[in-house]
Amino acid sequence: MNEMQTLLNDSITKLLDDLVTADTIRQAEDGTWPAALWEALVESGMTRILVPEAQEGAGATWEDAYVVLKAAGAASAPVPLAEAILAGFMLGRAGIAIPDGVVTVMEGDFTLENGRLSGVARAVPWGRNASHAVTLVESGWGVETVLASLQYARIEKGQNLAREPRDTLSFDHVVVDTGWAGLPGNAVRLYGALTRSVQMAGALDYLIRQSVQYANERTQFGKPIGKFQAIQQQLAVLSTQAAAVGIAAAHASARADKVTSGDAAAFEIAVAKVRADDASSIATSIAHQVHGAIGFTYEHGLHFATRRLWSWRAEFGSGAEWADWLGRETLARGADELWPYVTGR
Amino acid sequence: MNEMQTLLNDSITKLLDDLVTADTIRQAEDGTWPAALWEALVESGMTRILVPEAQEGAGATWEDAYVVLKAAGAASAPVPLAEAILAGFMLGRAGIAIPDGVVTVMEGDFTLENGRLSGVARAVPWGRNASHAVTLVESGWGVETVLASLQYARIEKGQNLAREPRDTLSFDHVVVDTGWAGLPGNAVRLYGALTRSVQMAGALDYLIRQSVQYANERTQFGKPIGKFQAIQQQLAVLSTQAAAVGIAAAHASARADKVTSGDAAAFEIAVAKVRADDASSIATSIAHQVHGAIGFTYEHGLHFATRRLWSWRAEFGSGAEWADWLGRETLARGADELWPYVTGR
Amino acid sequence: MQTFRFDLCELPEETKGLRAEVRAFLAEELRHVPLVTRAQTWSGSDPEFSRKMGAKGWIGMRWPKQYGGHERSAFDRYVVLEEMLAAGAPVGAHWIGDRQSGPLLLNFGTEEQRQLILPKVARGECYFCIGMSEPDSGSDLAATRTKAEKVEGGYRVNGTKLWTSGAQHAHYMIGLFRTSADKHTGLTQFLVDLKNTDGITIRPIRDLAGNSHFNEVVFQDAFVPDNMLVGSEGSGWAQVGAELAFERSGPERYLSSFLLMVEMIRELQKRGGAEGAREVGRLVAHLVTLRQMSLSVAGMLDKGENPALEASVVKDLGAVFEQDMPVKAHELLGIAPTIGGGSDYEEVLGYLTQTVPSFSLRGGTREILRGIIARGLGLR
Amino acid sequence: MQTFRFDLCELPEETKGLRAEVRAFLAEELRHVPLVTRAQTWSGSDPEFSRKMGAKGWIGMRWPKQYGGHERSAFDRYVVLEEMLAAGAPVGAHWIGDRQSGPLLLNFGTEEQRQLILPKVARGECYFCIGMSEPDSGSDLAATRTKAEKVEGGYRVNGTKLWTSGAQHAHYMIGLFRTSADKHTGLTQFLVDLKNTDGITIRPIRDLAGNSHFNEVVFQDAFVPDNMLVGSEGSGWAQVGAELAFERSGPERYLSSFLLMVEMIRELQKRGGAEGAREVGRLVAHLVTLRQMSLSVAGMLDKGENPALEASVVKDLGAVFEQDMPVKAHELLGIAPTIGGGSDYEEVLGYLTQTVPSFSLRGGTREILRGIIARGLGLR
């Protein structure tokens, strides 16, 4: 972390510590929009961290956004911060003005005719709470960045395991803003996978901190369970998994800053999402095993992180989907190109 | 085990205890044929356990053979006992007289014309030591059981990780005995997989016994390593894996006795080979981890079993190959047929 | 050293008719039950269903007829259970009474207790819960603090039981209470009438998936009469040990995620081709093997043997199998799980993803179980 | 609690030229070396190759020039090492001297020892082994019994070292001997001249794969002069701790099975289509992540920090990755491994299947390593 990132980390951590309590998350799960939290994130500029300064954004980098998103993941912040950051990034690239209100991103089966959008997007994060959504559509002109107002969209509510809104949005010839950004057609999925990997790194970090603390406090058979070798061995494994995801996601973020075309970061992003997915399965299992029954209650906060990991690992492409892609690329390049490719990037 | 099987178990165990020492195995690995051991197995009738009584065999069942093969697997007996038993089974079915000498089995790419065999068989167990080999060939007449003398076969030596001979045999219009047995064309692979599963159950049994004994004897940090929770947890896992393979292989053996066509036992045999393969990877890793450096020496006997497991898991179809088959069958039958199929057999 | 004995045990031919009967019953009864509800299997509670099972003679199947039982074989019972679980029948209401508390009373209860309780259980009308864990004693039963103090004509109970599954629906609790200070011999089991005893408060605990299977049960000067003591005073520890062994090897030890396996196969079928075939094949191999192990233990139980260690082996392997299922489904299909909406597959995946972590906690943690197996192997 | 710090660290652009140079060198030098030989990587020993590397300035790269070193950056050294390992170069002869014993002498050795030894090591002419384990002390160094008794002008050494890798080719051993009874402060490190000391017998130990990397080294009244004591008497325990930390995070911690990964991909390519793509993709993801973690530690070392815990994390994850490789290969391809014949893939699989069990033993067992990590997390 450079100095700016350290400051950013202090500031986002303090903001989240103050405004994301267990109650905030529970109320959000029951359908209450955490307005105060969102307002604070907007005012602190966090939602526009990747928007160019010329468009009233922070003009920061994905490496900076990493700090913010990891903290948000660790806090289980129940807001579309990752989506807003990504939307800002895409709109900034396309030179489209960033609207006020909540802007999310969506992937869907769309057609764009004469500036009107039709089609359906499934599992759109916080679709019900957003005023706008950003997507990419291949038109006769190439890949266009599209900003759609949701005023005329039909919304069908859904949710992921963490009870985060994942809504189905339908558009029928809705007038939209468009622009060109030089982004690949799958940029929502690609950068979406990047943001989820970083959030997962944060959630995994929370799991290890929480589990070590619990193991040192909880007593069974006359001593803290953290003194049992079987528990120690498991927590060591959990910690190594969390560390691996942290660096894989950082590596992908750094790469995203270096390249102008999103495709050029796909390799590192795929690595990060695959690694985060693999780690999540191991880590959630260990964290719950160490916590025992208490971690299984809604009252205890462990599941805020584990339920997010179970959902996030499948969002914007599961680890398996990205591994398929990575593997096919690797096989296509051939055995002798693996090492030069890995070291040459 | 019924009474007869208990007697059989006592008798084969005693025979192997007496005649399979670490030196026997080491010498076999260096190329010395263990003549005394083989002679004893022939004289006790073990090699012909599945040959009908009418053909001077024991006329026993695969459940009986299970007892013998599991003991042989546990002892790492360096002889083609499984192959001889399988050859006897196939010849008996075809009504072909069992030749004296060592009879092995082979799979290959063969043609049979006017009673003459041509083609190549790879990785034939103990090809160099055998006088004959049994195989199945699809001819214009159906699947024929073939007994080939190896007198005119070209032999190229090879070996598996356990230094068991796995030779390439080439035949060029060699006159052979043939017969019909109602066996499927893949019977060598099928029953071969059954015998390997049973041998693997034996080798896994050896691993757990050996590892528990070592853990109780070896002292580190002032106490037997078997007192450390991390070691205990691992040995518990090893023991459950060994137990699973034991019953999966027994189940397949029992099924092989019940059916007249080999195909009808394929499901249970596939289950056994898949389960044995999965267990071997876990079990060999734990056994070596518990033994530490000593288990890594040639002097110590642990590797007689682990190297066999590493080879056997790939022989007569790896777990993956049989899992592919099981999975395709399951998918073809469909989701709702899984339970009726499993419980209806 | 001791090793485990798993003799092959095949179900007798005679069970085929029973299996067909159970299947026909379930086809009718579960016709309109959504898959995500079925996925709860033995956590799902439906008193009406339990009464129908009771009427069929499928509860207390092995118990003596004099107590409302049916004196059927272990195999008949096994067939009924595995069919119920594979279909996702809501057997939760009577489950504990049938599997655990009924047998406990048969072994250690008084004649009066048996007469009073068992026929109702067998009719599917009387449900049990187990009061073992406490706030400071999860795996460590010797740390039990809920106190049963001797008073005129009975005991006065004070303390708190935690993680008590199904207490809100149960008529009785088998409670483990402290009757004296000694770590092990100070524990005693009681039959507690939850519906007719003052001083008992039952508070459901919401779990992470939003369900409330667990409860906190608080005793404040609750009176339990002398004739409700189970077995003898001070032998609770030993009795619990025997009781836990009952619950380690049934088909519920590997079928709790079976519905997800089925839906996974259905999704793969839709995709066509051989995608996922290898992984499905491996799961089938593990399923079939676990069933043979579980049947083997049933066979030993039928012969009156005591396969306690073998049952632990089944439980450990079975829990790993069940717990891996949502991960395998995720790895194979990559479909995001949902709650309160979505396709059958998505919802079943959602329910089980959140539920499987508890599978290696219930009835003692995985670490404890493996410790028991290790001691069985001769490691001290 | 403490967590680990893995800052991103990218190799400087300047290393590109060096990498190209190393690759050209290896393409030439390894042209005729069979793959199964290359698969030994840092276990494979070839003094001629080591001398060539020395001539290139690729041994002792970070050491001061006054001791024959080259004062290059940690990144330059990293690039050379990872290229050597990825290509399967036989770096075993000088490996321990370069990685472990040289740095030890730089840290704790006398000026005389440094002058005597380091230039020869850097030239690729002088090889080391480490005498730590003993018959009754594997992971438990405090149980070391080989005794160095003070005599006129030096020490008389008696006892047996076991599992000493490469002792048969080594010129020197860094031996850990007992100089007094105290468990920890009774241990001292010595520089032992194996070629010119009477009373030392080296017996190669055949391993399960038929190779002899290990040795038993017996000391019978072997005399080690005073000036060959390393550091100070009684500080052997502390010095060894520091020494072990050096060896936990290099590229050898995740590249030991890399050649098998390459051959696996080649086999899959032959089959065509996307068979195995998913598994290959996962392996690539783990490989790339491990490399970033390992580079991160190199970056901290370059800044003079002490990333001991982070190094342990790399070693633990790396060993799992390396050890899983033959299993993954087997699961993907189902081809039986061979020895002394067969295809490149079959032979490399054969060699590594037999070798990987040692990867979680060398330098302390997995259990010990995870215990260190757990303590680093604040678990006591």
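Here the chain labels run A, B, C and D in written order, and each chain numbers its own residues starting at 1.
Quick note on the criterion: a contact is a pair of C-beta atoms (placed from the backbone, for glycine too) under 8 Å apart; a residue touches a chain by one contact, two chains touch by 3 or more.
All figures in this text were calculated on a predicted structure; none of them were measured in a lab.
Undergrad: Return the chains common to the contact lists of chain B and chain C.
TA: Shared contacts of chain B and chain C: A.
Undergrad: By CA centroid distance, what chain is farthest from chain D?
TA: C
Undergrad: In terms of C-beta pairs in contact, which of B-D and A-D ranks higher?
TA: A-D
Undergrad: Quick one: report the Å distance separating chain A from chain C, using the average Cα coordinate of each chain.
TA: Using C-alpha averages as centres, the distance is 39 Å.
Undergrad: Report the inter-chain centroid distance for chain A and chain B in whole angstrom, where each centroid is the mean of the CA atoms.
TA: 51
Undergrad: Could you tell me which residues belong to chain C and also touch two or more other chains?
TA: Residue numbers touching two or more other chains: 367, 370.
Undergrad: Multi-chain contacts only, two chains or more: what residues does chain A have there?
TA: 228-231, 233, 319-320
Undergrad: If you connect every pair of chains that touch, what shape comes out? Choose line, ring, star, complete or other.
TA: other
Undergrad: Within the complex, which stretch of chain A touches chain B?
TA: The contact residues of chain A facing chain B are 228-230, 233.
Undergrad: Which chain C residues qualify as touching chain B in the complex?
TA: 1, 3-4, 6-8, 10, 19, 82, 86, 258, 261-263, 265-266, 268-269, 274, 276-282, 284-293, 296, 310, 313, 316-317, 367, 369-371, 373-374, 377-380
Undergrad: Give every residue of chain D touching chain B within the complex, in rising order.
TA: Touch residues, chain D against chain B: 133, 136-140, 143, 162-163, 205-208, 210, 214, 323, 327, 330-342, 350, 353-354, 357-358, 360-361, 365-367, 370.
Undergrad: Looking at the complex, which residues from chain B come into contact with chain D?
TA: Touch residues, chain B against chain D: 123, 157-161, 163, 166, 219-221, 228, 230-231, 281, 284-285, 288-289, 292-293, 295-299, 302-303, 306-307, 310-311, 313-315, 317-321.
Undergrad: Contact residues on chain B for chain C in the complex?
TA: 1, 63, 205, 208-209, 212-213, 215-216, 226-227, 229, 231-233, 235-237, 239-240, 242-244, 246-248, 250-251, 254, 268, 270-272, 274-275, 278, 319-320, 322-328, 330-331, 334-336, 338-339, 342-343
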